[in-house]
Amino acid sequence: MTASFTILAAITVAGMAAAMGLRNAVHCVLALTVGFAGIAALYLQLGAQFVGFTQVLVYVGAVAILAVFAIMMTQSRPSATPAPRAPLWAAGGAVAAAVFAVLAWAIHSNALSVQALPPQPEAAPSATVQQIGDALMHRFVLPLEIVGLLLTAALIGAVVIAMGRREEMK
Amino acid sequence: MTQTLDQIFVLAKHWLLGFLPAAIQPFCSALLSVVAIILVFATLFAITTWLERKGLGRMQNRLGPNRVGPCGLLQPLADGIKSLTKEDIVPAAADHAVHFMAPVLLVAASFLGYAVLPIGRNMVLTNLNAGVLYFFAVGSLMELAVFMAGWSSRSKYSLLGAMRAIAQMISYEVPLVLASIVVILHTGSLSTVAIVDRQAVYTGIWPHWFVFTPWGLAGFVLFMVAATAESNRSPFDLPEGESEIIAGYYIEYSGFKFALFFLGEYIGMFATSAMAITLFLGGWAAPFSFLTWVPSYLWFFAKLLAIISAFIWVRGTLPRLRMDQLMNLAWQFMLPMTLINLLAAGVWQFMPAGVARWPVCAAIVAVPFLLLARGLKQKRKFQLRTYRFSQ
Amino acid sequence: MTWIVQNLWLVPVLPMLAAAICALMGYRHRIAAASLAIGSMAISFLLALCAFAHVLGSHAGNGVQTVNVPWFQVGGEWLKLGWMLDPLTSLMLLMVTFVGLLIFIYSVGYMAHDDNFTRFFCFLALFAGAMLGVVIANSLLLLFMCWEVVGLTSYLLIGFWYAKPEAAAAAKKAFVVTKIGDLGFLLGMVWLYEKTGTLLFYDGGAGCLEHSALAHLVAQATILGLATSTAIALLIFCGAAGKSGQVPLHVWLPDAMEGPTPVSALIHAATMVAAGVFLIARIYPLMSVTASGSPAPSVALEVVAWVGATTAVFGALIAVAQFDIKRILAYSTISQLGYMMMGLGVGGVAVGIFHLITHAFFKSLLFLGAGSVIHGCDGEQDIRRMGGLSKSMPITFAAYTAGMLALCGFPLFSGFWSKDDILHAAHSWSISQAPFYMGAFGALLTAFYMTRQLYYVFAGTSRLAELGRDSTHLSDPHGAAHHAPVHPHESPAVMTVPLVILAAFAVLLGFIGTPAWPWFQSFIDGQPASFSFAAFYGFGILPVMLSSALLVFLGLALGWALYGRRPIESAASSDPLAELQPQAFSLLGRAFVVDALYGATLVRLNTVCSRISDWLDRWVWNGAVQAVSYFVLALAWLDNFFDAAVVNSGFDEGCESVSRGGQALSLLQGGQVQSYMRIIGGALIVLVLFLLWGTKI
Amino acid sequence: MNPLQGYLLLSALLFSIGLAGALLRRNAILVLIGIELMLNAANLNFIAFWRYGPVPAALTGIMFTIFSIAVAAAEAAVGLAIILAAYRHSRTTDLDRMDSLKG
């Protein structure tokens, strides 16, 4: 439990909590980018350089921008949304809190997995871009192809859905 | 002697670090490098503004700045003092926090990219394993800053400008990355240092710069076009087109924040140009083997200045594009060409080394280029333009 | 194994690929579609040439070369498919690809004005691919699959002008009738698999046509004292009879002439209908196997011979009294297929296949010639309205005459040699002499009706403009648009060049299988051929030859006497033969009223059965049912009382409680995504708890 | 505390925050973002297990994360497009008001 981990975790949790708690949707997304960046930093700290940069590129560079765009396009007029009904709000919050409680308890109580672990490696295991590329091209080539297909389908699907019908555009 | 001259800054840093306790040495080493980079490129920014105004003036048959200092050389200094002393106006409706953070984030993001750019031999802040990926990841932060600036101002013009800028940056990021992938494909590494090292060898007197291969040349041209769009420069400067939306997303900024936007834009432009140099023009490598005695950083900055001059030249020459033309260029021309270029690079990899792969790869790039260019030209119909969304 | 054997699958796959690409292309890419189909066919032809050369080179040694690949696993067994190369396959490949290529080229001209040009070539290429698949298949299963694709394309192509009701009906008829035969084929195939456990023909000793399997089959007896092998062979022969238009199942073939003429030439003369004959030749070991020691031919072959002989005479008789140029050829085809079957039955593979090959050339020539005539006359098909075309269409006329002489068996033409082969084999058959006389009579009739047709179409003066042309009669849509007087004209070179090539083959092809130099026969049997004139003087050859030649001359003379001596004046005047024997002629003209007979027997029987069923239904069963129903009704009254008083009130109560429960539960299905998610979250908690608790125990 | 447990706890916390957002926010876009957050938490788990797991050389955790990021990107694109389409139809992104199958 190093200092850097504590700081990064605090930043991440703060960003994410703000993202889920702020009233203004755009502020939410901006806070979200902080959270995403924090997670990317955690990846870097864990030695997964490639994944960390990919995280920044995809989430900060694409998903957040996309979300911002969607917010801009759906909030043409500020709608006064009333706060959710209190019982439902409480129920949702209780469920989330209970999930955390149960997960935390599971992590703490499950001593088995911790004992089964090998002695902690001091340096992070190496995962160079070369190794990742080799793995992608050999062992994981089929998933890679499928993901490529999925992304293509998602691209086309997103365009088709968002384009809407012709008449509506006129 | 030449060795020392080449490594003089590295040696100086080590000499300075020697005075410090070992525990804080790595931190101080990074700090020193960062300070040096910020100072050098901020100075370059000042020089470039002068150069740009002067050069544009000459192209437009004017004199350009000529009052402050000899040949107007002190003009950037005067500009800086002016912007520092101006009143900082924030619109009443603006989102203050975001409005303040936007220029800071922009400048920070544009400086972050320099961490992986090798400025000279052994002169790089960090040699990251995934350096090129890092560069592009950090570059995508700028989009966020642009959005923050546009949105927080609560002004129609800035919001429109931001939307335009983001759409343009996202669109051109794809060909930008794809154009650089050819180099990665060839070197087999994402590390900028490794990429430059691969180019710093010579056959006879000629260097192995990637720009001297068919796919490299095409990749370089495509990269530069995409980089121009990415840094919102003319002829792709729609987001800040004065005649339409005045200054785009930073219209509501004034004083020092305005200057920060300017700085951020130029620093970003330098970073992309430096990336182009690293990827295609051999980084700090000398253009001929007999010129290797010239210190490597000098070569780097010479190339950088040459590219900046080219940017200025283009800005003074070409008219601005329309939005749909801009998008069509990205998706209908740049994207297919980068993909074809990728194919050419792949063919180059798999063909045996020799003369044969030169014409083959050149043909793979040139023939689709001609066909595509012809096709796009023919498709153009001249008719009354209809505005789909505004009516 | 050389390259060609390993890659023989390319031959059928290339046209299929072309068909697939054509199917994906738009309707406007006519040139691309045609060139694709023709190109693929040309490459297949070259490959077939390679295969032929390969077989020729490895002549004396290994007869059959096979490549088998496992397809999928059923239980513990691998189902295998494969292809084979033997003399029979190589010859059929050569014939199908060559004739197919010529017909493809011809179609470019014939279909030039059709809107569905691309579709046509797609179907043609698919047909060619499937047919080639039939030819190279080394597995009865693969053969059957390709066989069915062939049937499908036949259906599609007959119904190509599906807007015409006759064409659609003909396509349906062809499909149904051949399927009746295919049912037998399928049964036989399943039976064979059950008995031998393999459908591969040759599999290094384990195939179903090899010695061990055949010995196993012939040893078992089934009903009527038939050996299993015979029963299976006869079932498979049903399929062959359906496809090849043998007598009980021939009715579809004349109607199939509603399709475009190149289709008639390719499918219904040269290749597809020959598939039945080919099938019999392919499974000849199964057909001919007998219990060891018995010298008599097998029962299966005997049946084949009799069916063939009957069909030969039957088709020829009907052809005499037809007026549609293509129908005459269709009945002639039926007759000739009968000859082939008879040849297989009495003589063996070589005899039947030799006639198949020569017939393919001259019959496709005749069909293409007929197509050229129809094209030239703007869609007219009735020979009474033609006439005098020898002047306006000289090339077609010359080619047609060559084909006609070959078909008649005029001495030295190709048909002469192959038909003679069959007659000679029939003459020396050990069971009966009747097939020989039937074949001879058929030869006479063939010469007669072909002469009749020739005189009607080409001699005299043109009668085209005479009658008002009723557009309902038009079978080809070429001239449907305009009613201006037509001037017969020669067809373009793309149509005449294939004609000329085919004519050359029709004349010369027979010389590869003369008695003096029986190269063909020995090639099929895998022995070297020798040349000797002395063979002519062998057992019974010369007398048979002379007598059949005489019969041909007699037929020609009869034809001339009836139709040639006195030119036909007008289209309305009745047929000279009809004047002589009006009743017989009308019987023949209605094709022995087989269609009507089927209508009168099978369909009538069906009607009667349904009448009886109806009566039974109405009076017997209905009465019983009514009686029961009254009884039930009485019970129901009782039940109703019980129900209303006792059950209902209790049930109503139950229903209401269920409904209330449903309403309560429907709150869960409120369409609110987040409420669903809350429940999922709750479920997650329970799951994790369960897992933790589970590990503790 | 074991470092792995620290990461797992953090990941659980992030997951719960995402779940809370998805449960409590009424804006469909923010709900989608909450789901993205949960995915990120899971990714963090994978990386942590890769780092401290028994066979880091297999790179399985990294691969899983890479594919997960790709799938999440696709999911975000399609999800936002669907929200846009729904918005165009019902003029709202409020999940509470998008509860009818018809119309």
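A, B, C and D are the chain letters, set down in written order, and residue numbers restart from 1 in every chain.
We adopt the following convention: a contact is a pair of C-beta atoms (placed from the backbone, for glycine too) under 8 Å apart; a residue touches a chain by one contact, two chains touch by 3 or more.
Because the structure is a prediction, the values reported are computed rather than measured.
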item	value
Chain pair showing more contacts of the two, A-D and A-B	A-D
Farthest chain (mean CA position) relative to subunit C	B
Intercentroid distance (Cα basis), subunit D paired with subunit A, Å	5
Rounded Å distance between subunit B and subunit D, as computed from the means of their C-alpha atoms	33
Centre distance in Å when subunit B and subunit C are each reduced to the mean of their C-alpha atoms	71
Euclidean distance of C-alpha centroids - subunit A vs subunit B, Å	29
Multi-partner residues of subunit A (each touching 2 or more other chains)	50, 54, 62, 69, 92, 95-96, 99, 103
Where subunit D touches two or more other chains at once, by residue number	19, 23-24, 26, 96
Numbers and ranges of subunit C residues touching at least 2 other chains	674, 678, 681
All pairs of touching chains, each written as two labels joined by a dash	A-B, A-C, A-D, C-D
Complex contacts: residues of subunit D adjacent to subunit C	19, 22-24, 26, 31, 95-96, 98-101
Residues on subunit B engaged by subunit A in the complex (per definition of touch)	95, 98, 128-130, 133-134, 136-141, 143-144, 147-148, 151, 159, 163, 166, 170, 173, 188-190, 388-389
List of subunit A residues in touch with subunit C within their complex	88, 91-92, 95-96, 98-99, 102-103, 105-106, 109-110, 112
Partner subunit B, residues of subunit A touching it in the complex	24, 26-27, 30, 33, 49-50, 53-54, 56-57, 60-62, 64-65, 68-69, 72, 128-130, 169-170
Interface residues, subunit C side, partner subunit A - complex	674-675, 678, 681-682, 684-685, 688-689, 691-692, 695
